[in-house]
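There are two complexes below, and they share chain A, which is joined by chain B in the first and by chain C in the second.
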Partner chain A sequence: MADVATIIPMQTAGAPPKLSRLGAWTERHFKWVLVAPAVGLILGLSIYPLLFSLVVSFINYDFQVPGHAFVGLRNFKLVVFDPVARWSLVLTAFLSGTSVIIEFVLGLLAALAMVKSFRGRSIVMSILIVPLFISPVIVGQAWTLLLQRPFGPTNYVLSQLLGHEVTISWLTQAPWLYISLIAADVWQWTPFMFVILLAGLTSIPQNLYEAAELDGVSAWLAFRAITLPYLMPMILLALTFRLLDAIRMFDTIFIMTGGGPGTQSYTASYYLYTVGFTQFHLSQATAGSWLFLIFTAIVVTLLVRRLLKPEAV
Partner chain B sequence: MPSRPKSFSRRWRLAPILRFAYLAFFLLFVLVPIYWMFNTSIKPSDDYLAIPPVWFPDAPTLVHYEAALFAYRGLEGLINSLIISLSATVLSALLGTLMAYSLARYNTGGQHLSFWVLSQRFLPPVGIVLPLFLIYRNLGIHDTRFGLILAYTMFTLPVSVWMMFAYFRQMPKSMEEAALVDGWTRWQAFWRVAVPLAAPGIVAAAVFAFIACWTEFFFALVLTSRNAFTLPTVFRAFIGFQGAQYGEAAALAIVSLGPSIVLGVLAQKHLVRGLTLGAVRG
Partner chain C sequence: MNDRERRDFEAGLAQEVDAFLRSESTRRTFITRFGQMTGLLAVSGSALTAVTDWALAQQAAELADPSTPLGQAQALALKASQEGPKDGSAFRAVEAAKQFSGVTLNLTYEAGLQALDPRNFSGPMWEQLTGIKSAVVELSNPDMYSKPVAEHIANSGAYDVLDISPAWTPSLADGGVIAPLDDYIAKYMNKADLDDYHPLYKALPTYKGKIWGFFDDGDMFALYYRKDIFEDPKLKEAYQAKFNAELAPPKTWDEYNRIAQFITDQLAPNVYGAGHFRKAGSPGNQFDFLQQFRASGGKLFDDSMKAGIASDAGLKTLQSMIASNAASIPGNNELDAVSLWAAFLTGKVAMIYSWPPTGRMAANYSQSAKAINFIPQSQIAGKVGYAVVPGNPEHATGFNKALAAGSSNLEAAYLYMQWVTSPPVSLARVMLPYALRDPYRLSHFKSELYAGLFPSAKEYLYNLNNSANVGLLDPIMPGAQDYFLSIDRMCTEVWAGGDPDAALKTAAAEMNATTERLGVDSQKAFYAEFLKLPGATADNTVEKLGMAVKLD
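Right, the complex of A and B next:
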């Protein structure tokens, strides 16, 4: 091995290395020196902005109103009492919840179908994971191409299948636009569930199934009594990770519906973006971001810490 | 050997058919949007409104690619994306490896520090992007590649750190300990022994950092405008034109798919670790 080769010449070199002052200092504080650059970057580009935005959310910082006077909780009130904000939160919960559940069911089925090996499995595997490596913007664009009236082929195909003419405005009419947004999300992220659940399935000891088969246990019972309990930690991990990403939903909405019609497809992220960058009420947007952040932080502490215990890895 | 109950064996026999039918459906579901995008990108504009839709264009054309790359500045976006993603990837892999080694070997900061880094992964970007926009404007690095490189390094760090954290933890310490006994400095034990041994893990972490940067939209949308714009943000130009520029949009999408898909499929062995931040080995 190459590493052995690199060590031996140093051994024969003998003399302990002489350190400069800087080298000696580095050596003494080695573990902190290693973490310093990464911690510094996160402090500068994440913690400092967050604290800054906390300040901004208590003052007037608005490109339409001059001055930076202290306004107390006004910015928070503006968000809390804004019906659009409330709607966006409801829609975020609905879209992310629905997408994640569909992704879980489809992903689990795919994982079950893929767990036993067959000819061509590795090619199928490579194709199924492709959506994970595509920008959500492009996913949104691809589904726009499929769905947009009158260019997309979807209505034509549906007309042929159903035997009567279908003229659905998939991107501008509720409830179809929600179905479209969910379809795009499901397309991109079902592979996520699939990959994680497949890893979980392959780690279940096979002899359990052999024993069950000898005992004449039905496939359904084997699934309930062996597969599900063994898979449960993976299921929880996959659901949590996915849900925490799904509640940020922004890119596909930006491309597919632009939040419209009106404010009907505003999610929390889209709402905050619009308030901040098209209406320029920056302090209201940062106040809203903090509320959203606290909401997310609660979910993270409750779920993620429990799932990712380092010693359990 | 006792014969099995009838109902059981029948179910077992049915399974393969259902299994392959479902996989076929799934493959179709994944491939159709990609195929339709490709199809749109090489189709003459006259075919867009044809009924029935044109699934195989008779006279494929590359005009949309030319327009997307030059008229819509797709090429500039591509170059910016390459420079920004590669720089951020190198920085993220470097800083992530340094930190992960310290966390794994010296238990620096206990659990708190590692979870603090992890929590960054789950912060909603919208909470950071708004103030970052104001800070960048004050510093004069708004709409610069440098600014976006910093932001992307920060945004990929949690994944790099945790992937490498998991990698170092399952790597035996004995080589580094032998080096220290021989009088090497800690830095030498890290840089000349641990890093070469961890090279496969570092490459995998770097691949996922690159894909994350290459496909990122939200930071780029807010932190850049006319100069440092990346490939995904070019798609803004195609919104709301009701089909007039579909060929260009599709062509640009096809151009942008290549790098991340190739890298992702090549690194699929590490995919589970990448998606779960090293929590699941796969």
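Right, the complex of A and C next:
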């Protein structure tokens, strides 16, 4: 009996405590309770705005025209038939493509130069990546100060170097304004390419190069036969990430050229900003954003497929 | 606690302890801590608000040395608010507002320097006088329109007093975003204080026969020139010999371009004849085009609301602006308003036309405030003369104070607006070195205190007043920002070498598309309302309507 008396409390002690109804419900649905805040945030801050923006692109949502009447595809037509929108898309492709290619080439060269250890390498590397940490607005302002006439020193320095007066309008005259915008972008984002490609280069097994050296393979052939194939996944990764960022180019344009002269430096982002927040045609800007998203999605899908291909093989 | 409850408790405790010893959290502790964290956040939120309120309440109005003109103006503002005259708008507003002590008014302001006035001076003084707190909501310029509209749609009552561009008044009034002030004015204001507005600004907030705000910033363009250069005997002689005319501040745009080119030819690279803010997006292009175009007889819209800029007047205006650019400092087309000021203050440019702070900066008065010391010290203090811009100067935007219709403190908000724009209080505000609010009342232009701010302040004030007599208002109608954008794009396209004729036609087509988008008939009605205002065209300026107040 005494044993039983000892055992019973032990059994009771081992049993789960009795919970309130709320506690029991929480216990049953604990995994859902855990993910609920995250799901709520995603629904509230991503899915709802996305769906709402889709609705907005089919109605009148203009801060100058009262009412929210359904307008069908009118907002999309306004964008598609707007020559400024078409130009902004072309310019976005040109600026982002050119910038990313230059950044890739410079980043690769820098990574190749830095892959071997040398005295002061860490200092040089730190200096190289500093632009990455600067806000694009500040980068735009700094380049404006360098290039803007009459105060910027660029023309003066060029005049001294070339021996005759240089009077280039870097921010208001094509093609110089494009060169300026690309230069600012390249200055800031080449380190991004550099860092990723350097990581890729350091992961290539050294014995491959040693074997190639024993076989008397030239440096160029070793680069083509070993470095490039092994680096390709990182190259695609870097190009994808950078391109995704470059097509959203806005800050430097806002600061350096203000979209001008005329609409000559309107990128897609700048166009959408102007329509939405200077002219307050929010539904047109939203429709334009959806179209831009579709274009971007096509580019990204192609790149990501290419990116995943080596893994599939 | 009975046995059963104790056993349950002990069992749960054992689980907790075991989990603790294993460095694991049980579900219960997770939920408990999550609840505690949420509770703490809520508590800390309220605590933080209380601390912030307390910290803000500690801030007293920032007052200048009482021996200075600004200090005296501030003391007079305080006296007028506390002691009267009893029928003064400031005193009446304060007395009536005391019943709302404890409420907080949310005021929208342009971010940056503009917001320093309500933060440092008028906001704390209003709280000291009435017990009504103010929270300044700093917004970028476009957001000063879009946010109040968005909040109105959401019916949030987020704002009480709005700082708005006058051009937005019709849209905001028709959309129900702002409330008319007529009943409040009848109840609280001394009507003589309405008559103290310069005639150009008095009617500006009027739309469809009602008053939709109080004008609060006299953004009149004026010509600022280097007296020492214009009075240089050698230059005068050379100019006389070359053009058979006296070297004097220009009265026409042809004269302006001729003098600018002459000075550039004579003094460059040390000094250039003129400078302009022509960078895309800086509003100099639209303002300059609008003032010259209308002074040349151009009509913005014809009777059928077709844009009138692709016309002889439009072409003449662009050609004149191109000539000005050619006579100007290198990089003229890349300058924004601030870099143009820098060029003028450092003595590189002989003539500029811009907003009123130019005069205060040229005299080194503005730079006495830390907040504005990013502007270079003036090297031309004492050498600057003031003149009316050739033809008709643009009143470049300005600000109205408007009453947010969704405010839950309408009356308190109105009383604040009346007080802050009343003659004595607004005088102290436009005299602040950093605030960028410019004189707009007749009592401002005639103020002896303001005239004591710097040696030539009296001439500066008189020139601003006389400029307003012949000044032109920006179009006040929906779509104004679209029309402005089209003009800015047109100008910068031409500065980059585009064909002026083609650029005019493109801009006119864009303006017509804007009109059609907003509705031709409704735009026609809005434009007709605008044309009723003094200063809407060069044919109905304050002076031509016989309402000018001349100060010499």
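FYI, the second predicted complex is superposed on the first by the 262 of 313 C-alpha atoms of A that agree within 3 Å, B and C clash if a C-alpha of one lies under 4 Å from a C-alpha of the other, contacts with A are read in each partner's own complex, and residues count from 1 in each chain.
Rule of thumb we're sticking to: a contact is a pair of C-beta atoms (placed from the backbone, for glycine too) under 8 Å apart; a residue touches a chain by one contact, two chains touch by 3 or more.
Everything numeric in this text was worked out from a predicted model, so none of it was measured.
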item: Touching partner for A:278 - first (chain B), second (chain C), both, neither; value: second
item: Partner chain(s) touched by A:30 [first = chain B, second = chain C, both, neither]; value: both
item: Which of chain B and chain C A:250 touches, first, second, both or neither; value: first
item: Partner chain in contact with A:150 - chain B first, chain C second, else both or neither; value: both
item: Partner chain in contact with A:65 - chain B first, chain C second, else both or neither; value: second
item: Contacts of A:218 with chain B and chain C, given as first, second, both or neither; value: first
item: Partner chain in contact with A:126 - chain B first, chain C second, else both or neither; value: first
item: Chain B versus chain C as contact partner of A:114, first or second or both or neither; value: first
item: Chain B versus chain C as contact partner of A:102, first or second or both or neither; value: neither
item: Chain B/chain C common contact set on chain A; value: 15-17, 26-27, 30, 148, 150-151, 258, 277
item: Complex contacts: residues of chain B adjacent to chain A; value: 4-5, 7-8, 11-12, 15, 19-20, 22-23, 26-27, 29-34, 36-37, 40, 48-49, 51-53, 55, 95-96, 98-99, 101-103, 105-106, 108-109, 111, 113-115, 117-120, 122-128, 130-135, 150-151, 153-154, 157, 161, 165-166, 169, 175, 178-179, 182-188, 190, 192-193, 196-197, 211, 214-218, 221-222, 231-232, 235, 238-240, 242-243, 246, 249-250, 253, 256-257, 260-261, 263-265, 268, 271-272, 275-282
item: Touching residues (chain side chain A, partner chain B) in the complex; value: 2-3, 6-7, 10-11, 15-17, 19, 23, 26-27, 30-32, 34-35, 37-39, 41-42, 45-46, 48-50, 52-53, 56, 61, 106, 109-110, 112-114, 124-139, 141-143, 145-146, 148, 150-151, 153, 156, 187, 191-192, 195-196, 199-200, 216-220, 234, 237, 241, 244, 247-248, 250-251, 254-255, 258, 268-269, 272-273, 276-277, 282, 285-286, 289-290, 292-293, 296-297, 300, 304-305, 307-308, 310, 313
item: Residues on chain C engaged by chain A in the complex (per definition of touch); value: 7-12, 14, 27, 31, 142-143, 145-146, 149-150, 171, 174-175, 279-282, 329-331, 333-334, 339, 342-343, 348, 478-479, 481-482, 485, 488-490, 492-493, 495-498, 503, 517-519
item: Touching residues on chain A, where the partner in the complex is chain C; value: 9, 12-18, 26-27, 30, 33, 63-66, 148-151, 167, 169, 171-174, 257-264, 274, 277-281
